[in-house]
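The structures considered in this document are given below.
Two complexes are shown next, each including chain A; its partner changes from chain B in the first to chain C in the second.
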Partner chain A sequence: MTRADRMLLAVAAALVMVLYGVLWQPGPGREAHILSAAGKPLQLDLDQARTVTIPGRLGPSVVEIDHGRARFVASPCTGKLCIRAGWQQRAGAVAACLPNGVSLSIGGGDRRFDAINF
Partner chain B sequence: MGHRDGSERAITASAEDQRIAWLAALAITIHAAETALPTPLPGVKPGLANIITITVLVTYGWGAAAWVTGLRVVAGSLLLGTFLTPTFILSVGGALASLAVLRLAQHLPGAGFSATGYSVAAALAHMGAQFALAWALFIPHPGLIYLLPILLTVALFFGILNGIIAARLVRALTDAAPGHAPP
Partner chain C sequence: MSAALRRASIVPVCAALLLTACTAPPKVHSRSFLAFGTLVEVTVAGVEAEQAEAAIAAVEREFQYMHRSWHPWEAGALARVNELLATGEWFSVAPSVRPMIVEAGRLAEASGQRFNPAIGALVKLWGFHQDERPAGPPPAAEAIAELVAAQPRMSDLELDGIRLRSRNPAVVLDFGGFAKGYGIDRTVELLRRLGVENAIVNTGGDLRAIGSRGDRPWRIGVRDPRGEGVLASLETEGDTSVFTSGDYERYFDHDGERYHHILDPATGQPARGLVSVTVLAADGATADAAATALFVAGPESWPRVARDLGLARVMVVGADGSVHLTPGMARQVQIEDSTRAVMVEPLP
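Let's turn to the complex of A and B:
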């Protein structure tokens, strides 16, 4: 390998790193949309930290909003997949408790994709 | 052709023509064998035929490399049945971009690239051009851009790997026929 080779490699590696940084930056969402089978739809600002209790088909689900993100903290379902989905903060991100009929999605900002298929 | 008026010219293959044909055949074989490999993502493949392009570039010059690549793309697509399909268009775009970058890399003042440098430059140009073409012509989807870093990482990795293999080939060729190839 020559010096030019090493310089090219360093530049190429740096370029790829920068691309990851630029393109994969999560687009932060602005509000949480909460839908429930047993109640009215809710739209909450992600900047205001709060905990809300949503009535669902089986019982109350608890959603926590904090520092521009939102998550399920409690739900009367058995699988607890909604809780294990963790914090949602990117626009377009979704967590849902299907047994209880409650879903949480992040809206606003630059809406990105949660999946790409060919 | 057809008129026997004494001015008929016989087509004879020079030693260089034959060499290019051999090398192109080798590149086509590698290219065809590679399509049998499974790929995790569309667009991700090692590009092993570029080993031949880089080896030819370093050993016989850019002109020969352009011939070998051109023949590989056209004859390879005929062999695989992809001639004039989107695959072929992407293949041509990638080949043209990498040949252009290799031409530039050769003439950069003071820059002494070896096989590794050429290979990385060609791999990135190839991937970049294919991505741009695919986006512009076939999948104009804003989500596609998220694949770009992964695709370029793959290109970088295989560019280095192919470059190392090409460097070994160049050394072996130079040892086999000393004085023929530049170091």
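Let's turn to the complex of A and C:
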């Protein structure tokens, strides 16, 4: 193997590593999945900006979708943990209002993880 | 290209051809539903869609049944058991509750009472028995002290076959730090009976994974307890339950102070000193109870309690954000946040 061959192999190996790092990141999700204990499940395109009102056990929860992400913006619960969770955009991300029985999860894109523990 | 390079290139070319032959994606089916007071996600691999959906539907029904049976404050088997325990008389315990009492009693003893599901009255006093606690101050110190002084323990229970009684009227069972893990174990048994050998059952972030995702292990991310990203990642090895107890899960703020839901049975107050504890164990019941027990044990005592519980894989996040790993956990987990101080601590 000549010196040029070795350099070529080294460059190829480096390229593979760079491509792995660039391309194997978790992709952004494509859909928002909304479950409600008081209504039908919804699947919404994250590319279409909108605000949806979801009926829950305590009252309506409001979810906003904008620029490929989604979040709770209003909820009848007192803790507001669902709102504090902020924007969700990675596939597999979840925010939920358990008192109101409404959950928001992001699906569709490549998932780096099969499940998230917290 | 030299002959050596041509020879060297044979290996990756063959590997690529082999990979091409193996690129059929594994069949993976997933569905979420609200049950057990949380969002449950069941992911199944290696079976056809129809079988997967039937299995997931069976798991959903099982969770609904367990919720009705084991909720300490809604009409059901456990609520009835609590009513009868308060009488001090012998009674026939519901079959759905008896094995939980036995297993929880064993874990309470092994944890030195840091995990103590007999403190239901204390949980109720703090208001953490509800999905959402109404705003207001923490309970009065005298009321807390009274319940702590009564020392309700699982060892106050006497079991004789299916008959049960309590020697201590202060015992009120609340399996909040245990039911998820125990319930996940039951649903995993159910999945296996239905022919599913590869799955994840995830109840609100605590999960058990069995088998694999076809061509690779299941990949689990552990969320940063103080941020939005992933603190650590791991690949499962066979049966793996991953449970985390943290001060961020359920809490309320009053007069600038935060009160979370993991109560120290010895003080009656929220346990202080740690941000989160993540435990890996084969079964969910052990992982669930252990995560609670180690959180209560705090920064000084958690390694000893982990040893007493027979745990090898533990990750603890301290109040300063530092990450502490047992050697077993260090071998399996990868810390994703390179800015964190990470320490590997052998168990005593």
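Keep this in mind: the second predicted complex is superposed on the first by the 87 of 118 C-alpha atoms of A that agree within 3 Å, B and C clash if a C-alpha of one lies under 4 Å from a C-alpha of the other, contacts with A are read in each partner's own complex, and residues count from 1 in each chain.
Assume a contact is a pair of C-beta atoms (placed from the backbone, for glycine too) under 8 Å apart; a residue touches a chain by one contact, two chains touch by 3 or more.
Everything quoted here is computed from the prediction, not taken from an experiment.
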Partner, of chain C and chain B, that touches more residues belonging to chain A: C
Touched partner set for A:S105, first chain B, second chain C, both or neither: second
Partner chain(s) touched by A:M1 [first = chain B, second = chain C, both, neither]: both
Partner chain in contact with A:L9 - chain B first, chain C second, else both or neither: both
Contact residues common to both interfaces of chain A (with chain B and with chain C): 1-2, 5, 8-9, 112-113, 116, 118
Interface residues, chain A side, partner chain C - complex: 1-2, 5, 8-9, 33, 35-37, 77-79, 86, 92, 94, 96, 98-99, 101, 103, 105, 112-118
List of chain C residues in touch with chain A within their complex: 1-2, 4-5, 8, 32-34, 37-39, 41, 43, 131-135, 200, 202, 204-207, 209, 213, 218-223, 225, 228, 230, 233, 242-244, 246, 252, 278
Chain B contact footprint on chain A (complex, rising order): 1-5, 8-9, 12-13, 15-16, 19-20, 23-24, 112-113, 116, 118
Touch list for chain B against partner chain A, complex: 42, 108, 111-114, 116-117, 120-121, 124, 139, 141, 143-149, 152-153, 156, 159-160
